[in-house]
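Multiple structures are listed underneath, in structure tokens.
Below are two complexes that have subunit A in common, paired first with subunit B and then with subunit C.
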Partner chain A sequence: MFIIGELLNGMYKEVGEAIKKKDKSVIQRIAKEQVARGAGALDLNCGPVSKDPVQDMQWLIQAVQEAVDIPLSLDSTKANVIAEGLKLVKNKAIINSTSADAEKLEILVPLAIQYNASLIGLTLDKKGVPQDKDRRLELAARIVADCQEKGFPVENLYIDPIVLPVNVAQNQARDVLEVLREFKIISDPPPKTVVGLSNVSQGTCNRSIINRTFLAMAIGAGLDAAILDPLDKELMNVLITSELILNKQIYCDSYLDAYRKK
Partner chain B sequence: MFIIGELLNGMYKEVGEAIKKKDKSVIQRIAKEQVARGAGALDLNCGPVSKDPVQDMQWLIQAVQEAVDIPLSLDSTKANVIAEGLKLVKNKAIINSTSADAEKLEILVPLAIQYNASLIGLTLDKKGVPQDKDRRLELAARIVADCQEKGFPVENLYIDPIVLPVNVAQNQARDVLEVLREFKIISDPPPKTVVGLSNVSQGTCNRSIINRTFLAMAIGAGLDAAILDPLDKELMNVLITSELILNKQIYCDSYLDAYRKK
Partner chain C sequence: MAIELAKEKWSGVINQVKIGAAKAISVGQEQALPFLHEEGGAPHKPVVAYEVWDTVPADWPEALISAYGNVLKDPVAWVKKCVTEFGAQLVAIKLISAHPDMGNKSVEEIAALVEKIKKAAGVPLIISGCGDNAKDNLILPACAEALKGENCLIGSVTQDNYKTITAACLADGHSIIAESPIDINIAKQLNILISDMGMPAERIVINPTVGALGYGLEYAYSIMERARLAALSGDKMLSMPFICFVGQETWRTKEARATEEELAGWGPALERGIVWEALTSAAFLQAGADILVMRHPKAIDIVKKNIEELMRG
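Up next, the complex of A and B:
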């Protein structure tokens, strides 16, 4: 399970203020904490209020790279923020994200090829977020076909079915779990899958248990990667236990500690 | 999700002693507690050391029925213990269990028809517990076919793929999760599915988290029923949350409390 730490996002007050004040110490502490708790990559998002997102993203990348040497996920809806950010990333980069719209694929797939980056493809287009499973599958297939045409290796593509909050779109979580399996039959080799986990509990009163229950279900459905909070210890315990159950790590009585010492 | 409370089992010291001493108060307290925490049926098992299992099962049934009015799962490998027990069950009965062996099916399927009972069918025969998914599917198909031939409604059949402890048969949990889905394509209408949940963590040091993580994964794979400990509050929280995620109950902020007040 590939863990992308979600906490370096300007929508969190502490991070948003640190980006505004260019306070590296806060950013670097959060970067190190996430890596220490098992993140294999860090998502970087300047947040909705950034006035100069290109400059903010570049500052964020540099601040993080001074503290940790780990793949970085450049999270922006603006292609130029990603393009300018990629120039600075030293380790592997993840482009987060393209939609299924041709004009985004036109820019971002070649960038992913140029930088040998991974690419997250959202099952989304100008018509909005799908309301059912078939539409998610259709949009995923469109992204996969576009990557194949352009020569981008599908193994480096992560399809994100877009998890919606259970309190506003309760009928869709089941579709997401089912479609995670179905993405695997789009192509051979299949695309990988990723979710933005915390979305599932957005606005609910029991965030952690909803996150961790949905995570276990999604890992059971074959999920490859998740953008999540690695500092949520209970969540990480469920993630580690899910991998144990699926025989992805060897059992020992202290398997939770053993995982963390790796 | 149909919850069968597992605690009235003679292998637990307190229950074993109560059966031996014919102490109804212990049995009735445990029966009431399980029902209060959400059990929809109670499993009754005299345990391995019972010297007169027919008499012990009959005493257990009567003791429980004085305290609660709920379906009872008669849990014994001995067909005569089940046959004699069925005579006393007032509410719905569940026969736990038949194997795929013809001589067990010969006795237990007609009994299930006679008493309008549900039947748990283990994917097991004289050759032992299957080591892979295909063998589980084969044995399940044999049980389903036998029920169809004898005129027992497959909707009242619960196939149990036999969950093994993750510390001794780590490669099998994934097979069990996959085969839970595949059982559903054996027949139309499909059989229901059940697991003896606590087996997955037998002998491990982190029983509760292994149980609840596996439960979420199994519910995600379409599990219909589980024999489990309804007094494990964290486990029940995961069960309730899994149902919420699958849209089987309406979201409200206090959905955990709302479920328990039902």
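Up next, the complex of A and C:
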């Protein structure tokens, strides 16, 4: 499982203030903590209140790269924020994200090719978030086809079916789980799959247990990557155990410790 | 059109373990499955250690007795013969005489003996206990101290008995053999337990325990293969080199021991065991063995030649 740490997001109060005050120490501490707990990449998002997202993203990238050497996921809806950010990324980059809209794909797929970056494709277009799994599959297929046409390797594409909060769209979680498997039949080699995990529990009172349970179910459905909070120890235990049950790790009595010794 | 072979790419690498001080030998560091040179490097070739006992082996068959002759009575002379006559680069001492039922030699006697052997050998040493946990917990720390600075490989420790010997190896700068009963889960667990005591992973060698050809070879083979695949895929707690005690397994089989009278038509007794030991070893080389502990000099010669050929690619 490829783990993308979600905590460097301006939406979180501590991070938002650190970005505003340009306080590197907070950002670097959170970066190091996430890597120490198993993150294979870090998501960077300036948050909704950033007045100058291009500069803020560049500052974030530089601050994080001084502390850790790890792939960075540039998380913005604005293509120019990603384009300017990519210029500074030293390790591998992940573009987070494109939608299935042609005008976004036109800009972001060539950027991904130029920087040899991975690309997250959301099954979403101007009409909004799909209400069922067929529409998700259709949008995913559109993104895959566009990548193939432009010569972007589909193995570096991560399709995100968009997880919705279970208290808002309870009928959709099952569709999301089912479509994770169906994405794999779009092409050969198939695209990879990713979810923004915490969204499933947004606004609920029992966030951690909902996140954990959904993660286990999604891993069971073949999920390749997740944007999540690696500091949530119980969540990580569920992730490690799910992989163990799928025979991706060799069992031993201390398998949780063994995973963390990696 | 030329056929292009599919090549596997691995993210993990086997640890390098160094044995010995002056004439140190390194094993491990493979980046691919055994002898697939196109897929990844293997800077160190597998090595063979000559098995030497500190007491006359009472039940060794004639094929082995005749290969060594008189030196079987004197471990120091035995080691010397292995090094000077047979060209051994690594010797594995088995301290049988410390066993309560096999001589029960004292800790002091054993420590003095290994010092003598060290001086006579001049090559890196592997030190194995007598197999009695309580006694091994006394003699192996004493050996570790007597051989301080020699960077020996000492063992075997098991899941139920590892703390005392691990602490001794840590204190005196030796590496350790972690033994598991043909069980990959226990092998991994023991490596975690040992490394939790502060032992660097680069000083642990896995003894997966093996069986001879016809006596469970394939079980051990598949465990080693699976562990090696996991290691090459990045499992750090299985990324240790393997040591296989092939000699002790082979030379207790009927095929290696029976006389021509007992087994008419099975071929000369003096050759059968050699073939059995060489064949068993050759199989474990393919499973990923890094150190083979063997008995018959002729079998060792065959295996060494096999290693040279395989390493040439």
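Here, the second predicted complex is superposed on the first by the 262 of 262 C-alpha atoms of A that agree within 3 Å, B and C clash if a C-alpha of one lies under 4 Å from a C-alpha of the other, contacts with A are read in each partner's own complex, and residues count from 1 in each chain.
The rule we apply is simple: contacts are C-beta pairs under 8 Å (C-beta built on N, C-alpha and C of every residue); 3 or more make two chains touch, one makes a residue touch a chain.
Predicted model only: the values in this text are computed from it and were never measured.
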Once the shared chain is lined up, is A:Asp253 touching subunit B (first), subunit C (second), both, or neither of them?
both
First (subunit B), second (subunit C), both or neither: which does A:Leu164 touch?
neither
Partner chain in contact with A:Leu8 - subunit B first, subunit C second, else both or neither
neither
Mind working out whether A:Cys147 is in touch with subunit B, subunit C, both or neither, as first, second, both or neither?
neither
Which of the two partners, first being subunit B and second being subunit C, lies in contact with A:Leu72: first, second, both, or neither?
neither
More residues of subunit A are touched by which chain, subunit B or subunit C?
B
May I ask you to decide whether A:Leu60 touches subunit B, subunit C, both, or neither, giving the answer as first, second, both or neither?
neither
Can A:Val194 be said to touch subunit B (first), subunit C (second), both, or neither?
neither
Go through the superposed model and pick first if A:Lys261 touches only subunit B, second if only subunit C, both, or neither.
second
Share the list of subunit A residues that count as touching for subunit B in one structure and for subunit C in the other.
250-251, 253-254
So in the complex, the part of subunit A that touches subunit C is made up of which residues?
249-254, 257-258, 261-262
So in the complex, which bits of subunit C are touching subunit A?
184-189, 192-193, 195-196, 226-227, 230, 234-238
Using the touch rule from the top, collect the residues of subunit B that touch subunit A in their complex.
166-167, 170-171, 173-174, 177, 200, 204-206, 209-210, 212-214, 216-221, 237-238, 241-242, 244-247, 250-251, 253-256
